[in-house]
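Below is one structure, written out as structure tokens, with a few remarks after it.
By letter and in written order, the chains are A, B, C and D; residue numbering begins at 1 in each of them.
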Amino acid sequence: MDVVMDAEAMNAFLATEFPQVNGQFRVDHVGEEGVTARLLVNDSHLRPGGTISGPSMFALADVSIYCVVLSRIGKVALAVTTNASIDFLRKPVAGKDLLAKCRLLKLGRALAVADALIYSEGSDDPVARCSMTYSIPPKR
Amino acid sequence: MDVVMDAEAMNAFLATEFPQVNGQFRVDHVGEEGVTARLLVNDSHLRPGGTISGPSMFALADVSIYCVVLSRIGKVALAVTTNASIDFLRKPVAGKDLLAKCRLLKLGRALAVADALIYSEGSDDPVARCSMTYSIPPKR
Amino acid sequence: MDVVMDAEAMNAFLATEFPQVNGQFRVDHVGEEGVTARLLVNDSHLRPGGTISGPSMFALADVSIYCVVLSRIGKVALAVTTNASIDFLRKPVAGKDLLAKCRLLKLGRALAVADALIYSEGSDDPVARCSMTYSIPPKR
Amino acid sequence: MDVVMDAEAMNAFLATEFPQVNGQFRVDHVGEEGVTARLLVNDSHLRPGGTISGPSMFALADVSIYCVVLSRIGKVALAVTTNASIDFLRKPVAGKDLLAKCRLLKLGRALAVADALIYSEGSDDPVARCSMTYSIPPKR
């Protein structure tokens, strides 16, 4: 299935639809192979010991997977996550943004499945792995 | 294993160790059968359509499961989540807090496993189900 | 939603539809609160150290969750598992059957979600926890 | 970490340690990038509609992930799965073996995490995605 939204269109859509998280996430790249999204890490994402909170990583995975679905089906603000599984693998590198590299595994009529690896920028060792299922509203 | 921290001690510990989330969560009850924790829902948790964001529900599950582990082993600020699985089941009721009812399934030497059902306050139908694994640091 | 199949009807259905696993599983109980299903443990389910294999526990969870869905919607042989998450908690007790106690968390138009705790018969400590999503074919 | 067992050594180890599943699985390839394992599909793996059973796919993922861990740490028969998450994506192609392509994401002192995509042989669309955590016994 063709890519129908690029990174610029995606960022504009997120800014409009998700004003609550505006400024926290940015889509760096959208392509045939998937989406790369970034968490612009700030103090609100940190936890004791200087690590990045689990919910912040979950939110980044959610954004990247939402965007990889939208990149193929266009703007569907009401697609919803039905299931997520996440493994936390390593402590992120202090002072670095997080990058989620996401690939689409299935795009069905009603369900889409994708997974993502999350990295500290500049590192090759993933800090988290996440897979999610999205339910796509009928008659899109 | 005996319960070694009550709700008051838990709330004091969270306020000290997790100032970033202070005011968002409250432990309502700690007992033999588990922990009940509350997300004090505000506008920052909402998403298009008036639903509560997935990361907010994930964060609530994380807090409740962290607390059920701590209720048995005492203050261990560095216990970390290694895995989480979450199912989003229904749209939460507008204008209601969320309650996570959490039970401990295993407390081993190195790993603890718990699960939680999340409800809109006053409703009997769960809005989410979550299970998590925590890694417990050695020599506790 | 009412219970429309009892344990006897369920066992007859499994014997007809799943001859490959005939004799391995039995539904002990079907009720409002859920389903209890049994793995009749034999040597084919064992692994080094006398434990029961992960795939055997997965299969038991799958049967119990399939049955709890069917107990409400009737015979739908083509309902399929779309997602499963399983935690292995303890080594099962040698020489005992396994019992899965399963509860239905959501029964939607297109998706059903349930979870199960698995026990060695006669023990109160769960050996595994599993949650699954089933996709229900349209126009049932 | 270096690869310390090749496919031949792995197949010999599986035949010795897991005689119950002998003849069902074969490791095709072990390399730096991961392991490819095969389910030699037979009638015992099939379900109504000609699909391959979920537990059979789970078992294949389990074997492939076990092998990718062993390929780095050597023969440790008692490493155990603690958590698994699996998404079933498509119906497998009839009459084809299944191949699991597995990569190691983390190899820690106590825990290893890997994921796998499962394909019908000759197809580029995955039929399942699976991630698992293994607990590694101390003093290996």
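Just so it is clear, a contact is a pair of C-beta atoms (placed from the backbone, for glycine too) under 8 Å apart; a residue touches a chain by one contact, two chains touch by 3 or more.
Predicted model only: the values in this text are computed from it and were never measured.
Chains in contact with chain A and with chain D: which ones?
Common neighbours, chain A/chain D: B, C.
I need the common contact partners of chain B and chain D, sorted by label.
In this structure, the chains that contact chain D and also chain B are A, C.
Count the touching C-beta pairs: is B-C or C-D ahead?
Comparing B-C with C-D, the pair joined by more C-beta contacts is C-D.
What is the distance, in whole Å, between the centres of chain C and chain D, each centre taken as the mean of its C-alpha atoms?
Whole-Å distance between the two chain centres: 23.
Taking each chain's centre as the mean position of its Cα atoms, how many Å separate chain A from chain C?
33
Quick one: chain B and chain C, Cα centre-to-centre, how many Å?
27
What positions in chain A touch 2 or more of the other chains?
Expected reply: 82-83, 85, 87, 133.
Can you check the complex and tell me which residues of chain A touch chain B?
17-18, 20, 43-44, 46-49, 51, 53-56, 58-59, 62, 77-78, 80-88
Provide the residue numbers of chain B that touch chain C in the complex, in ascending order.
Where chain B meets chain C, its residues are 85, 87, 89-90, 105-106, 113, 115, 117, 126, 129, 131, 133.
Would you pull the chain B residues touching chain D in the complex into a rising list?
82-83, 85, 110-111, 133, 135
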